[in-house]
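A short worksheet on the structure shown next.
So that you can tell them apart, the chains are marked A, B and C in the order they are listed, and the count of residues begins at 1 in each.
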Amino acid sequence: MHVHFLDPYQDLRSPVHALDARVKLVLALVFILVVSLTPNGAWASLLLLFAVAVSAVLLAGLNVGYVLRRAGLALPFALAALPLVFTAPGARIELGATGISLSQIGIERLLSIFFKSYVSMQMAIVLASATSFPDLLQAMRAIRLPKLLVAIFGLMWRYLFVLVDEAMRLLRARDSRSGALDAARNVGGSISWRARSAGGMAGNLFMRSFERGDRIYDAMAARGYDGEVRSMRHPALSAQSLRVLVAGLVLLSVLFALPRLFA
Amino acid sequence: MLSSPAQMHVPDGFLTTTVSIVLWVLAVLAIVVALRRVGNDLGERQVPLMGVLAACIFAGQMLNFPVAGGTSGHLIGAALAAILLGPWAGILVLACVTGIQALIFQDGGLLAMGSNIVNMGVVSVFTAWGVYRIVQMAARGARWGMIVGGFAAAWISVVVASMAAALQLAASGASPANVAIPTMAGVHMLIGIGEGLITVGALSFLAATRRDLVSHDKTAAVAGRGVWIAGLVLAIGLAVASPLASTHPDGLERVAADIGFLDRAQSSPYKIFSDYMIPGIHNQALSTIVAGVVGVLLVFVVAYGVARMRRGANTAS
Amino acid sequence: MHHSIEVEDLHFSYPDGHVALNGATLSVAPGEKVALLGPNGAGKSTLILHLNGILKPTSGRVHVAGIDVPNCSKSELAKVRAAVGLVFQQPDDQLFSPTVFDDVAFGPIYQGLPESEVRARVRDALAAVKMSDYVDRVSHHLSVGQKKRIAIATVLSMKPDLLVLDEPTAGLDPRGRRELMHLLHELPQTMLISTHDLAMVRELLPRTIVMEGGRVVANGPTNEILADEVLLHAHGLEKP
């Protein structure tokens, strides 16, 4: 009944899993930054970045098909960019006798957006699948995110599963009470009524969470919590992690420079 | 089922680096201020309460209701958080929800996270708070104030946040303003109805069971006048700017071009180059492609080699 | 020799005006193992929250390990919190950290111990509850029984003199309950255990205090109290 499926982390043994979370976080962020900085239409660079992403997937021992499919989840958003094909300025490509003409720049931009989005998503998936969230929290602390914020993140993640369980219980209770809610036959009240009853569940969840927050505070205070966030020091980066970090940054710098040097 | 209502989560790749970074700066500023304000307000309870309520909003987004034809409505929760917790705690909670969605579930990009935090945290929350306060003042404590205020706050905040997202897309040159803004706003005018109804349902439930959670004296005092005025100005600004931008798409095209120019400033040689990028026409292009293909092959070979070695090691052990 | 716990004429109302404690008086001597019985709403949990200063009484005295809890200084309060290991009813409320290690280390870190000592404390506490293999696990993957044990470890790591447990066997299956009872039996600390589990009380706890309506209505050797069917019946308890 627990919602383990929510947690995308895959507990495997791979060089990427073994890598220090700080290094992974920094490299993934820089990678996505480099993707973003790659000019539209720099296909060679984009392909190289794609290759790097796929290599990361392979190195992490993840199922390539799964990652490639999952990375496509954001692509429907690209509908927003579709009109560029018609509206962008610049040289145009006539579509035969249809009278429709497409903008060359628009096509290039659309495809670039598609590609960048897809490649960035892959790397984000690798990061989430190969780094446990507790490790990620430590990495966030290490890269100097505000301690309070990281503590809130930690608590949030801990109770995500508990509260999603609670939300699921509320939904199940509703569904078993009202039978199959069938919108077409208007069973289970009007849409407005249904929406408000879902709201009632949200209110219920909020109330319980609020009370739980107080109980958690009591439990923290009972063990000496005084409002200041304290944690153990991070171990220093190992020489090996440092080498990977440097190598990764060098590779990414090259990929950043590539489209700028070629001219 | 895994996905929350992600219509508004901008993925990576759509915003230019400049737009992304500007929004990140805004998001960080908002979070830093929020951390301080909420810390003053909640003291030692800040971490447990904000953490568990962020988890609550996340889980609350799974509460759906069937609409028609297999589609369903969801809660987004920015207005609810703003109304129940006040603007600063609302921003903090929504920023955490947005962060977790991007980091763990890839709902929204990492570089684009600043944008998503600004839209779904700052813009939604301020707007909702401002609208709710105004209606409350007009209602002078009457019950309809909660219902009308809750609905209006939720609906307007969803629509305004979607306009903010559309503006950013347009400013990035990822979508023409005259298409992006009306489409995003139009879709979210519908989604906003569901959001409004759910929010009212939640507020009614809480008013009946835990009145103290819906009463506003605390949060109102903490937020002060400046905040809701800022919220309203933001809302009105976006509401006016968006239709303007969408009727004058050239204006934003210009902005996009300027920003695009900024992004490409360091790479101006490339700009000339990209126009030649039709395969097989120019030698320079060919050479890039060849370089690219060789690079790709190289990386793949290395990756496969490592993967093979690992498999070998695993079977050997 | 002072008592471990001394509570006298304790009154407490929640902010909503609800009177939860109405003149409760009780004491626990060092080394004693005492049961706290009473129907739901009797005020057991509320009383427990007074023992390390999380709730402040409306009136009355609370002394723990010789310290006047409601009126003590911050540093004394920290001492009380280290001396009293409070195990809450819901392990999900007590285990608020991402991993088991973080949770068990939380108390020692806030006690200001050096890192090597924190690690040693975590190791010992997990060994005491026989959960050493779970140190890197994530709390939400554990069973209720395992969570309860970890919850106990989170206070054992602070080396308390006194363990106060709120309904420790509630929600456990028979095996989980049996294992927990073994564990409680082995632990040397002074104990105050709020519970409805009379079979456990008979087995583990020589003295029993019965509460109802925010006050103590009976206090004596467990075998006498559990033999008094009229008393048990009057307070919604059933002979095991």
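Couple of notes before you dig in:
Basically, a contact is a pair of C-beta atoms (placed from the backbone, for glycine too) under 8 Å apart; a residue touches a chain by one contact, two chains touch by 3 or more.
Values in this document were obtained by computation on a predicted structure and should not be read as measured data.
Averaging C-alpha coordinates per chain and comparing to chain C, the farthest chain turns out to be B.
Between the chains A-B lie more C-beta contact pairs than between any other two chains.
In terms of their C-alpha centroids, the spacing between chain A and chain C amounts to 41 Å. Mean C-alpha positions place chain B and chain C at a centre distance of 44 Å.
Separating the CA-averaged centres of chain A and chain B is a span of 13 Å. Counting partner chains per residue, chain C shows two or more touched chains at residues 96.
In chain B, the residues that reach two or more other chains under the touch definition are 48.
Chain A has residues 133, 154-155, 157-159, 162, 212, 216, 220-221, 225-226 in contact with two or more other chains. Considering their complex, residues 49, 52, 54, 78, 81-82, 84, 86, 88, 90, 92-99, 102, 105-107, 109-111, 115, 118, 138-141, 154-155, 158 of chain C touch chain A.
Residues of chain B that touch chain A in their complex: 2-3, 10-17, 20, 31-32, 35, 39, 43-56, 58-60, 62-69, 73, 75, 77, 80, 84, 92, 96-97, 99-100, 102-106, 109-111, 169, 173-176, 179-180, 183-184, 194, 197-206, 209-210, 213, 249, 253, 263-264, 266-267, 269-274, 277, 284, 287-289, 291-293, 295-296, 299-300, 302-304, 306-307, 310.
Within the complex formed with chain C, the chain A residues making contact are 2, 4, 132-134, 137, 154-155, 157-159, 161-162, 212, 215-216, 218-226, 230-233. Across the interface of their complex, chain B is touched by residues 5-8, 14-15, 28-29, 32-33, 35-37, 39-45, 47-48, 50-52, 54-55, 58-59, 61, 70, 73-74, 77-78, 80-81, 83-84, 87-89, 108-109, 113-121, 124-125, 127-128, 133, 136, 146, 148-149, 151-160, 162-164, 166-168, 170-171, 181-184, 188, 191-192, 194-207, 209-210, 212-214, 216-217, 220-221, 225-227, 229, 259-260, 262-263 of chain A.
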